[in-house]
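Pasting the structures here.
Shared between the two complexes below is chain A, which pairs with chain B and chain C, respectively.
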Partner chain A sequence: MDVLLKVEDMRKDFGATRALAGVHLELRRGEVHGLVGENGSGKSTLSNIIAGVYRPSGGSMSLDGAAYSPQSVLAASRAGVSLLAQETGTIAGMSVYENMFLGEETAPGRGLVSVGRLKRETRRILDENGLEGIDVERDAAEYSFEQRKMLEVARAVAHSPQLLIVDETTTALSHRGRQKIYEVIRAMREDKRSVIFISHDLDEILDVCDRVTILRDGQYIATLERAELEKERLRSLMIGREFDGVYYRTDAGGGASGEAALSASGIRLDGVLAGVSLTLRRGEILGVGGLTESGMHELGKILFGALRPDSGEVLSASGARIRSTLDAVREGIAYIPKDRDTESLFISANIRDNIAAASYDRLRRGAYIPPKAERAMAEELAGRLQVKMRSVAQQLGELSGGNKQKVAICKWLARGSDVFIMDCPTRGIDVGVKAAIYRLMEEIREKGGAILMISEELTELIGMSDRILVLKDGALSGEFLRADAPGEQDIIRLML
Partner chain B sequence: MQTVIKGVRKYILMVAVTAILVALLMLFAPSTRSLSILVTLLEQGMAPALLGWGVLFNIKAGNWDFGVGAEVLIAAIVGGNAADALGLGIVGVVCCCMLAGLAAGAVSGLLYKLLRVPTIIISIALMLIYESVCGVIFGGRGVTLGVEYLVLASFPGNAVMLLLGFGLAWLLSSKLKIGYSIKAVGSNLKVAEDNGIDVVNTKAAALAIAGLFAGLYAAVSLGSSGVARTVSAMGTMGTCFNAMMCVFIGLSITGRGNVLVGIYFGAVIMQMIQMALMVFSFPTQYSQVVVALFVVAFMLASANTEGLRRLKRRRAAANGAKQ
Partner chain C sequence: MKRLDKGLLKNLAPYAGLIAITLIFALTTGGRFTQARNLTNIIGQSMVTMIAACGCTFVMAHNNLDFSLGGGCALISAASFLVTRGENLPLTLLMCMVFGVLCSLVTALIHVKGRIPAFMAGMCIMFVGRGVVEGLATNMVMNLPAAATAYANNMVYLAFLVVVFALSVFVFNYTKVGKAQKLIGANPRAAELSGIAVGRYKAIAFAISGLTLGIASFLTMIRIGSVTKTIGSGLETDVLIALTLGGIPLAGGTDTRMRSALIGSLTYYVLGNGLMIWGLDANVISIVKGVIFLATVYVTMERREGSYAL
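Moving on, here comes the complex of A and B:
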């Protein structure tokens, strides 16, 4: 077998935390190699080392038979390794063409930057990737999350890498965005180039990958050949025990009271929402589905007061108008955004501060915040949701995606919120944490709370919701009750 | 034709805001209604714009550098005395001041790189050190140049210096890699780092570049007045803040145009405000308050542009609903 990349005995420590403990990986030329594991298993750490983001604490790598130890992303890129990261990789405030050539503005052997060349090259790259509608001179921030991700795809592919690492990129994308990335992966394979594909979506892994390596707690567990790939087997290797397979609710629903927990009427936002009205009731999980661009994510922000609509109003259970996030928080409404790292959490603060962030007015004794009470509250919540951590004093940025999401939920539970707006609550989260979040949602519902869940995963919408609202082009296109037992096709028909 | 229209659109905001303010000044203060006053305003904006361009690199890189005023002082005293002693003429003054400013800025960058202490702390420490050093070197006399050096206060000397500074700033920000790296680091440090940009070196380079422009500003000051006196107890902060205000006003009126041009217009507006205060005999103790209020007003208008657009849309929607 023609081996492109060989990783041997790879180790990485972050302070006292061992993220990788002697991992090995062999990547063949022309292969799409899946990398799976629970949150915190070391997948992203390994891919970041291969892509030159992190320096390893031990171990070695070879690329194309030669020793390989990139000192920077640029060095890795020059060696033919590109990374499509989980987080946003474009910079707001910089134009599309500036983002396209970030760190590589000058042509080889040239000292001066030719803006004309950058614009022309960017235009060519975008056109080749079907992104004709993007203006190279406009600020990247003016485009949606998905369009920016597509820019990153185009940037990565433009370097004609011999190895492309796709780290949990697809889960945040719509069907169309995913298809684009699959196209790129197929072209790489046909061209005898290789891909490391990281995803929590095991169906996707089974569809896309030739072989799969499983990591657990920073350790190598196994590599399965195509013929050995089976969903249940992958799951049990990932979590180290047999998975009982029960993800979603098994009840028939119908426990909602008549009492409105949150209602919206005539919500309009220029070019995004066209008069949406809805009522979320206590004891209900209300699913909202649609394409990424349907306006459902903006609707979530509007319901929480984080985005002001052009017209329409949002009312809390007490009838108070929600015009700002402060109004929402005062009324016991919680919001878990899709982009948790930038919109929900303080990455550079510790877990305690993050959990306490929304509850200082509850903790304070006069002007004084007792540290003991703050710590006790954080420990109680983190313990209840089983956040994997050293202590609540650990920096939040060191946690895996799933554990960060648990902290985001802890923050609102600490405040005693019982009306939740959850935007893609299980995005980029492994099976174990996913199941834990679903159980928590059920618990909130059973206690008379209410959850409005915006989701791009149809199985999640069908499996967890009492009611599903479908949004198409900013307007409601249909509604399903749990009792109707809608199928994926029923919902898709209303989405498109 | 399309290109011309596009170009006009880019610069119309900054030109219009400046023109309206000048028109208001002339309307309410008849003594200012002359072409020479207009020319004076345009000329007086040149020197602050030079320092503003330097400060811009720091702001873009996410540095807080309160030491540029002290760098101006030390560049003027060291550069001016050196050029005078060597008999290098005005070109020598410009070169020596720029070198001295660059060196002062480079020390700031080097310290940041070595100590990894926030730039605000480094810059305040260095400001105190530079001010003290200026009080010791050359007998604490500062610098005094002869009349033969005073050629940068008026045309064409001032215009040449403005063009030199503009060219330098444009080269650094638009034609050299460092300009793009500075913008990337200041906008999103993590993404910049993940794309192979050396964040520490880039921030250090921005500090050095600000020093270079401090030197240029020092040369223009010397070439205009011929004198630079020592200052102590953070007295150089005023120079630094004035430059920052030019940048803030400039950023708020730039729109889609070139920010360097915007900063020049920002500097002209600052001079105009100060002229207005003088013309209306405003008590000097309150003049800084008025300047500060103007800066806040500009920033407010700039920050709420989206809010104003939304209000417009809402009104249009409401009108549509009525019909």
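Moving on, here comes the complex of A and C:
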């Protein structure tokens, strides 16, 4: 069998945290190789090492039979390895063509940078990838997350890499965006080139991959051949025990009181929302679904006072107007943003400071905030949500995505908030933590709290909501009750 | 264990630096550095900077620089003098504190409401203050009564320092005001989305900086015995370099420590004093300080692996 990349006994430590403890990977030419595992299992670390972002602490790699140890992303890219990262990889403030040739401006010619040439080259690459609508001279930041992602895809493909690593890129994209990436992957395979594909969506893994390697806690677990691929088997190898399959709520819904926990009327935001009114009641999980650009994410921010609408008003349970995040927090409203690293968490701070961040007014005795009380509160909550950590003094940035999300929720439980606005609460989170978050949502609901859950995952909307509102082009296009037992197709019809 | 060791190293580095240069100067100056008079001199010089640095730490914790300190000091001293003529010292001190807070609130207002970087707003105060006081000092003599300078001794300075530092430590570590600064420095957007009034808390940090600047201005004034053209000049850079030598994280955040104000100021003046005893030219001292400043920034700055990744 023709092997392109061989990874042997790969190890990586971040401070005291062991991210990889001896991982093997053998990648054949012309195969799409899946990499799966829970959050913190080491998938991203491994792909970052292969792509030259991190330097390993031990172990070796060979590419095409020759020793391979890239010292930078550029070196990896010259060796034929490209990475499509989880988060966005374009730089705001730079034009599209500058982004396209970042770090290798001289590539099309020799010596001096010819701007005209860069622009022509960029135009050609974009056109080849069906991105005719993108202007090469405009700032990359003017385009949506999805368009920027497509730009990265075009950039990665333009180098005709031997190996393309797709790290959890597809989950944040729309159906169209996903199809585009699948197309690229198929073309790679036909060319006898290889792909490493990382995703939390096991259905997607089964659809796309030829073979799959499973990681758990930084350890190599197994590599399954095409014929052995089966969802339940992958799942149990990932979490190391049989998964019982009960994931979503099993009750029939109902039980919402008549009491409004949060209500909005006539919310307008120029070009985004065209007059949305809704009421979230105590004892219910209200799902909000739609396409990414339907305005649902902006709606979540407006409900929390983090974004000012052009007109319309948001009222809390007590009837107070919500005009700022301060108003919202005071009224017991919590917000879990989609982008947790930049909007919800303090990455460089420790877990204790993250959990206490919204609760200083509850902790203080006069002006004094007793450190013991702060610590006890953080330990109590982190314990209750079973955050995987060494202690609450550990730096938050060292935690995996799922555990970070738990901390983000701890922050609001500490505050005593019981009306939650959750924007994609399980984005990029593995099955174990996902189930824990769902159980927690049920608990909040049963205790008379309320949750407004914005989600891009239809199964999650259907599985968790008492009521689903569908948003299309900034306006409500339909509503389903849990009792209606809507199917995915019913919802999609109203989204498009 | 690499990260842990690095963290420990960063914590100990400011102490190690101070001890190292103290030892070097003690051993190479033939006892001149360690003379009691020289040491009290260093401590005396550094205390004013320490007091101003305590307040400035609040501003740096939320990731801003206060460049108004020097010009602010001039404005505050002159304004207080015009009100009291230095006759009533407690009242002069009070006026210094009031004008200090007002002056910093102007900086904060321009920064928060006008969305202009705080260091630029501060520079504006610096230029205005310098201009106004130079003009005033050319046209009138602003001498304090002789009795005032009698209080300018190390014990009085120390008493002020102890009170300011103790209060600063308390507010910085055990109240919402201090904790909010560090969270804003760590991630301003997340702070806002956690219900922290970012603009308000930034303004409070500047007010605290203004308060300590007011005290520092008062102490400077009674030491000189008058309000001169150059009063307080260079204070903003003295404080910034001192805090940096004291190991303060340049981008603020939860690793900010109040002790940087003390250790850093001491290091800064030990360095200046030792180099002078070595007989170095003032210009050369300036260059050496610059190099050491750069080296400290290099050591303290947070650089993450892969942070340059495309």
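Here are some notes:
The rule is short, and it goes like this: the second predicted complex is superposed on the first by the 492 of 496 C-alpha atoms of A that agree within 3 Å, B and C clash if a C-alpha of one lies under 4 Å from a C-alpha of the other, contacts with A are read in each partner's own complex, and residues count from 1 in each chain.
Heads up, the rule we're going with is that a contact is a pair of C-beta atoms (placed from the backbone, for glycine too) under 8 Å apart; a residue touches a chain by one contact, two chains touch by 3 or more.
Keep in mind that what you see is a predicted model, and the values were worked out from it rather than measured.
Partners chain B and chain C clash in the overlay (superposition on chain A).
Contacts of A:Val73 after superposition on the shared chain: both chain B and chain C are touched.
Of the two partner chains placed around the shared chain by superposition, chain B is the only one that A:Glu98 touches, whereas chain C remains out of contact. Looking at the shared chain after the overlay, A:Asn350 reaches chain C, while chain B stays out of its contact range. Within the superposed three-chain model, A:Phe14 lies in touch with chain C and out of touch with chain B [touch as defined at top]. In the superposition on chain A, A:Ser144 makes contact with neither chain B nor chain C.
By the touch criterion defined above, A:Arg55 reaches chain C but does not reach chain B.
In the superposition on chain A, contact of A:Gly89 is made with both chain B and chain C.
Using the contact criterion defined above for the overlaid structures, shared-chain residue A:Arg308 touches chain B, although it does not reach chain C. In the superposed model, A:Thr342 makes contact with chain C only, not with chain B.
In the superposed three-chain model, the partner touching more residues of chain A is C, compared with the other of chain B and chain C. With the shared chain A as the reference for superposition, chain C clashes with chain B in the stretch 127-135, and the other listed options (19-27, 127-135 or 271-279) are free of clashes.
Residues 53, 73-74, 85, 89, 102-103 of chain A contact both chain B in one complex and chain C in the other. Residues of chain B that touch chain A in their complex: 174-177, 179-181, 183-184, 187-188, 190-192, 194-197, 310, 313-314, 317-318, 321.
By the touch rule above, chain A contacts chain B in their complex via residues 52-53, 72-75, 77, 85, 87-94, 98, 101-103, 105-106, 111-113, 115, 268, 270, 308, 310-311. Interface residues of chain A, counted against chain C in their complex, comprise 13-16, 48, 53-55, 73-74, 85, 89, 102-103, 304, 306, 325-326, 328-330, 335, 337, 342-350, 353, 356-358, 360-361, 364, 367-371, 411, 415. Across the complex, chain A is touched by residues 1-4, 6, 171, 173-177, 179-180, 182-183, 186-187, 189-197, 253-255, 302, 305-306, 309-310 of chain C.
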